[in-house]
Every structure is written in structure tokens, then in C-alpha cells.
């Protein structure tokens, strides 16, 4: 396709309909555990429109989440999507927080295999594995590219860094601690 | 809530925000095999907004599909949703058909555990278990209430019945065969 | 326009606003009867965005339907549109079927000139001329490109064919009958 | 339905699905000429959601327009819809005007039976019968309730009246002429 | 970007995400009074997606309006947007008119600094400075490119001109007056 | 209106159109400085649909932000809106952070009176007054009720509290520090 790697639109350019194949709607490997050997102890296999071209205009993505013992997907948002999670193995402590107008209420629950939970559009949520055994979950997002904002990384690990004075005041930390955090998340 | 069982809106009335609990976003039992002991050999556990109130306005549903040996979800559409499927166990022969403008092309594939496939918005699709062992899949829909239209039932089992002359001509069957089918699907 | 015949987007590329003319919003011939001399006995003159460029982004199409005596538009869906029909000449037996959740109810009526009917978004519907005289209707769709899926063709005439076992089980036909149908619709 | 005549939502409340009948999607009389014996020489039979309950959520309306000799639908907009028109009888001089950014270009054409034209979303347009014989057209709008704003009435016949100084300056008329117009349109 | 000046899409092409800078979301000069030395006595500094590329897909624009003594933004619509206005300095007489179905009601008010008013989507509205001192207001539109249709210009100053007979009948003016107006607005 | 204080819908119930007055689209006091004598040193006067009923369905809100010397609106998101800000007085250091896929890039700038900036839909952003003099800004949101999530409050001040282990791991703080923060934000 001419220039489609040099040009950009909201979403994606489409493939020539005459050239579309069944493979464009397909992906595999969703049953393969991800590598959770990292600081947070989780991995995410994100099947969005970047991975499955046929998701273009379809308003969906799916993600496989693997959790090491005590691993977590830290507090995060999807700026452009709702989410629904299904626990496949193990146990997860999950929750979301409502907005300021609604009192920053925490809706949390312990989920076991077969449990399903909804994270409303754009709200902060997290998933934590409280057990010494792995956990696995599948989630769907209501967007082909809903986005992933890890709060701690976005705030303390932005590129370039946010002025530490702002973060210190916001989190009621001293500036020294903020700078240390920014070093860790750099 | 006064009258909300007697009044109807597009979607659902909301619960009083002050009375919402974590349970409103929760469901369980998604790991429990459904009963596939029926003519088609499948069962669907549909978690949409009727089952999880917290899905209201969130644009998502999830479904667990169980397949008996040689069972199938027969050709059907979701009039108001796209779908993405993940095979969890067993094997499925799946496919969707494009519209007339695109030549009624069949995009089909054999899926194995961990395989993922997209069924575009509103198109006819099916899932068939070609093996003598059960199969299980999870799907997500891009709507809180995307709808389910089983083609054969809608056409031959409508209530009341469609004039058999219409169906005979449409399917190039004789009227007698059509009436027999209508008896079966009544 | 450079490359717009080689590149594709959801919808259409726009013409240079400076080069747009009144003709881009115009079509003619909607009063000319179509040729209904075919197996189903109908013809459709579909004015969508492929025919009228000015329909791009406008969410509308119109269609002229001509029916031979006893002709029909067989059961079909528009995957991405609602429809409203106005009978201009003759008589039509029309109907739509609701989804499984709503019991596959048939809403049908005999329409005469000046009668108007709504086919809700994405539901299966049909129009049949029960008289030995022609009929004519105009319809509008709520999309610039709502799509047309003729059920019988999509199922029994897909390219390539759907595995006959699937269709046999779905329609409670024997495989031999299915294969015969697939020959007819090939 | 309790209180639905005393309560209002964006759109309409829905009927109880169990009580819906085929009549809810039906209207008639679209073939009956309207009475054009009025100052402007036109009549509009507007089938929107107020007339056909089944249009709720369906994004469509249809209108039958009758024109007396030299009658017109004066310049107007549909604030929430696009429109497509089909001429059934007679001749119409129609046009729409683009916005200021696009130079207030007039796209106009003489339409004859079978001609079709698009009026883009929210733009000012008009239809005028230049002949001494009646004309008839059908139009579809891309909304269940797209609205109708007759420019002259809205500006010179508002209730209460707009300060004449504003209109005088806007239209480069003297205040006396404006007040006379306001008397005519009162 | 190749060809993006020669090709057009609904909205805008996107910049390569890797090349986006903070300047793409920035504009300045919103505090600088505009030049109101013109016939209508107002100026509009419109910050829409043409001015701030980062507004692409964001559904917002802002406008600074300056009014000379007795100046006005004449009756106009935004075909694709709602508007909210904040008065910063001076006094404004503002109003909008509802559609024909709602009786062409005028909702008007005198606004002073700090007052805020809403102009609903697509309705005709105006702003007039009744005082011998300047006025300033800021408005936001619910679209990156909501459009601006000055009614008098669109009707009497279109290019080419609308047939004067149409306007004469619509506004109950004699054709001679209409032609004079068309000369003024040419 | 019967029961509208006891019933809830997505958005708001509408007022009876016959009872709507110009006041329903009006608010005042947007020129009055807010009280910034609080820990963060800012105040927000939020004119959304809760304050102006006429904003229902209109997709807009406006907010007046007052900043004390060195005050800030701490990092926050609007889960359902984009934002555009106009600086009226003083100086602001503002910025937003992109999502993880885009590298958590910080787009920041010093803004002076008349400067305008866009905060894309759902992304984390902040505004900080780096000067010993007050600052004032106006912002518009692309929603009648876009929501406000103050990150620090949502995470460390949720009700009930999030398990400190989760936050400690997420922010790479020790649990003791986390608990102290939770005490501060309780």
C-alpha cells in the first residue's frame, strides 16, 4: 500500500478489500504463559489492532494477563475503553476507584477462577495476585486501541520528567523522595 | 426504584449511584461447563447487561461457549456487535461470510487452544466442533446487549411463521420441505 | 487524487473541497423501473456512497426496489443500518424477525401504496410481492454503506462453501440436500 | 406506561417489549397529496418518531413534500440530520449553501422525476417548484427527530421577537422594514 | 508527509506520532483584542483543528469574540456543534431560537461579565453588544470543526446567488428588495 | 417531575419542553475568583450538567480555575473528556503524559495569558502556578459530565483504602510510607 507507512490517520488505513485474507482476523498463542519475571511480576499479551488488522473499526481488543506469585498489574487506566476481566487460574485481588464526584470509592473484590468483573470506562483499576501461586486472566477492552496508562510510570517515569515540585505537592511527599522515585522510574 | 420494572428506556435505567455495590460489577461461574446435551450440542453462558448491571453504558459482554463433540453454534449474527473469540479447549472450525457487495466470501479457519479470531460487526458467522471431544471458547462482544439471531430459527422458527412461499423461493426449496422445516423449528 | 485508488480508509477519502461540484451530490434514474427478469423477481437500484460521493459522512442511502409478479427480496439483513420502506405501487407482504432473546417474533404486514414500515437495525427482513402485478418501493438506510447480506446466498452460496455438515445440522436438513442447495447457489 | 407522559428523556421511553405490535412500525397515507393551499404553497407529511414509535433509536425519518405551482419549502435547516431527496413528480429547483469557511457556495440544480439529491448535515437548503404544475418529492433524514428550522420564521417570527436592531444590522435592512417583517411573521 | 496536502479525509490526517511536539497542542494570542473595525463590528479568533493540529479527534474548539460598541455576531448556526459562551468584558444581548416543532421560541438574555450561556446544537443564535463600550467573550464548541453559517450571508450572499424569487417568497419581501440585498452581500 | 429524583438514567432526565426557560441555559459568577486557601492552592468552578441543565446532551462543560501562588491542580484525568485550556491571568506550567505505548512522553509548556493548550482525551495532566502571584484559567471539556479523577486522592485516599501492598509495589515505596500517605489522604 503506497505511503501507508508514511501517512497516518485516526485508526488505521484499510487493506485493499480484494487482498484481505482469513489471516488478517487471526492470532495465536493466547494460551502460552507470558514471562512474568520482572519487577511487577506480570505480563500482558495485548491483541489489539496493531496485532490483528481485522480489528480495525471493530471496537474490541483482548489481553491475556499472567501474574507471578504476588505479581500485579499496577494501578492504571485505559483512556479510551471499558474493560471486563475473567479469571482463568489462581486468585486476584482487583478493584477500581470512582471519580472525585463519586467520592473516590473503591470497588474491590477477591476473584477466583470463573469470576468476572467490570472496570468502567477510563477509571483507575488494578489487579494483584495475593497468592504464592501464579494467576491467569483474560480481559476484553471496548476499543481496538484503548490505551494503557500505568499511573506510577506516567507520573514518576515520564520522558522528560515532570517538575518534582508538582509531584511533591500532589502526593504530599518531600521533593527528595520524589526525585528518588523519578530515578527509579527513569 | 419506582416503576423501573414498568418503564423502559433504550438500555437500562441506572441504579442510584449511592446504592451501587461491588456486586453490581461482578459475576461468577464462567469456569463451569455448560450443559451441551441438546440438539445443537452447545451452550452459551451470556454475561451481558441483563446479568451484570455494571455493564450498563460500558459497551461489552462476554460469553462462555461449550461445545459437545460435533456440536455447533449454528450460523448466526449479532445485529449490534462485533465479536472476538478465544479458544480455550479443543478445536473449532469457525468462519464468517462477508456481505453481497464483497462476494459472500467465507473467511474460515480451524482454531486450536490459544487461537483468537474476529467476527466483524453484524456479519453471519458460526462455530463448529469437528472433534469427538468437547471444546470451550470465550468470546467478547462490543456491546452490552449485542443480540443473538440464530438464522435457522429466525427464518424457519419465527413466531408466527413466515409465509412458506417466501422461504421456498428464497432457499430454492419446495414448499413442502419448507413446511416440514417450519414444523421442526416451531 | 494521488493514490486514492490504491489506498483505503474506513469510508472514503474526500474530494478536494475546492473541486467539489453540484454533481457530486446528484443522481438520476430513480424513476426508471429496474429489470426484474431474474430468479427472485426483483431488482434493487442502490444509491449509496459508491454511487453518490456526496453521501460520504452523511449516514444515508436510498434504494429503489422493483418487484415482478410474485417476486421478492429474500430474507436479508443490513449489518450496519436501519431501514424504512415506502410502497409506491402494488402490494407487498413484508416482515422482520426479532432476535432470539425476543423470541424470534415475526412482525409482518401487507403494505399498499403509501404505506410505510420500519425494519430495525440489523434484523432479518424480507419483502414479497403476493400479486400478479408489479410492485415498486423506495427505501432509505441509515448508513452511507449499510451492506446487504442475502441470507440464502451467504449461507449456501458462500465462496468457498461452508462445510455442509455445519449447515445440515443448523437447518436440520440431510447433507445431501445441503450439497444440492450449495450447487444451486454456487 | 406509568408517568411517561409526565417524564421526558433524550429521545423516547420505550414501550414494554412484550407489548410491541407490528403497528408500532407502521404508517400509511404517504401516497395522499398534502394540502398546499397556504402562503408558501407546500405541505410536509413528516414521519418521524412522533408518528412511528418503532423509529425510536433507528436514526431515520421520511417526509412527503407536496408543492403547489410555484410553491416552495423555504430556506431551512435540519439541525441534527442529513437529508436525501427523491423527486417523484414535477420539477424542483433545489440547493444548499455551504458554510462561511467554504465560501457560502451554492450547490443548486434543477431536479426532475427520478432525480436524487443530498443535503449535507445541518446546512441551509431549499426546494422550489418553478412550474405551474404541482410537484411531489420524498425525502429521508438521518435522524428519528432531525428538527426543522425555517430560517425566515425563526428569525422574523420568533416568540418573543428578536430585537429588531439585531436583525436590521444582520440583514442590512432598516429597522422599519424589519418590524414590518416581524409583523408578517408574528 | 507525502501527499497529505493533495489528499483529503473526513477530519485530518495525523502527524507521525514520533514527530509530534508540544507545539502541536499549543496556540497563543487569545488575549489580544481582535480588529472589530468592520460592518458588523465584531471579530472572531477561531482556534479549531485548522489552527491547533492537536485538536484532531478531540471534539473541541475555542473562539475569542470581540465586539465593537453595538457590534454583533449576526444570527448564525454551527451545523455540527453545540456552543457555550462566557462573557469576559462588557455586556451582550444573546439568544437562540428553537426549531419549528418547538414553536420558534426565542431564549434570550442580557449577559454580563462572568455570565455563561449555552447555545444548543445546530440552533440559530446571535450575540449583540447593546452598549457604547466594547465587549469580549470566549466560547467553546463541541467539535474540532463545527462550522460557521452566517444566515444573512448564506442566503443573500451565496456564490452563486439563489434565485431571488425563492428568497422573496421565503422572506415576504419583493423581488427588488431581495436583489438589492443580494447586491449588498455579494 | 414524578420520581426523577428517585430514578436515574445515563445522563439526565429532560425537563418538560413546555416548561423550559432561558434560565435553564444560564449560569453566572464565572468572573468571581474562587477560594484557593487550601492545601493544593486551587479552586475549580465546574459548570457541567449538574449546574446548567441546558447542557444535557450538548457535550460541553466549562470550568474556571483559580490558582494561589504556587498552587496546582494536581495530576488528574477526565475519564470521559478532552480538555482545552485558556490562560487568563498569570503563568502556568502545564503538561500531559502520553500512554505507555507512546512512551509516557511528557508534553509540557509554560503558558502565559492568552495561551491555549489541549489535553487529549483521558490522558493524565496537571497545571501548576510557578509564580508568587495568582493565576486564572478557563477550560472547556468535551462532555456534559466528563469526570475528574485526582490521581493521588484516588490511589491513596480511596474509600475504603486500597491494600497498601499493591500501592507499595506499584510506586516502589515501602509499605510504611504508603500507610502514612493513606493517612494523609484519608
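Points worth noting:
Read from first to last, the chains carry the letters A, B, C, D, E and F; within each, the first residue is number 1.
Throughout what follows, a residue touches a chain if its C-beta (ideal position, glycine included) is under 8 Å from a C-beta of that chain, and two chains touch if they have at least 3 such contacts.
All values reported here derive from a predicted model rather than from experimental measurement.
Contact with both chain B and chain C is made by A, D.
Contact with both chain A and chain C is made by B, E. Simply put, of E-F and D-E, more C-beta pairs touch at D-E.
As for how the two copies chain C and chain E face one another, under half of their interface residue numbers coincide. Per-chain CA centroids place chain D at a distance of 41 Å from chain F.
Centre to centre, using the average C-alpha position, chain C and chain D are separated by 27 Å.
Spacing of chain A relative to chain F, judged by their CA centroids, is 23 angstrom. The multi-chain contact residues of chain E, meaning those touching 2 or more other chains, are 3, 9, 17, 57, 108, 121. Contacting chain pairs (ordered by label): A-B, A-C, A-E, A-F, B-C, B-D, B-F, C-D, C-E, D-E, D-F, E-F. Those residues of chain F that touch chain A in the shared complex are 40, 70, 72, 74-75, 77, 79-80, 93, 95, 97, 99-101, 103-106, 108, 121-124, 126, 128, 147-163, 165-167, 169-173, 177, 181, 184-185. Taken in their complex, chain E has these residues touching chain F: 17, 21-22, 25-32, 47, 52, 54-55, 57-62, 82-84, 86, 88, 96, 102, 107-109, 112-121, 138, 140-142.
Within the complex, the chain B residues that touch chain D are 3, 6-10. Within the complex formed with chain C, the chain A residues making contact are 1-4, 9, 11, 13-17, 56-57.
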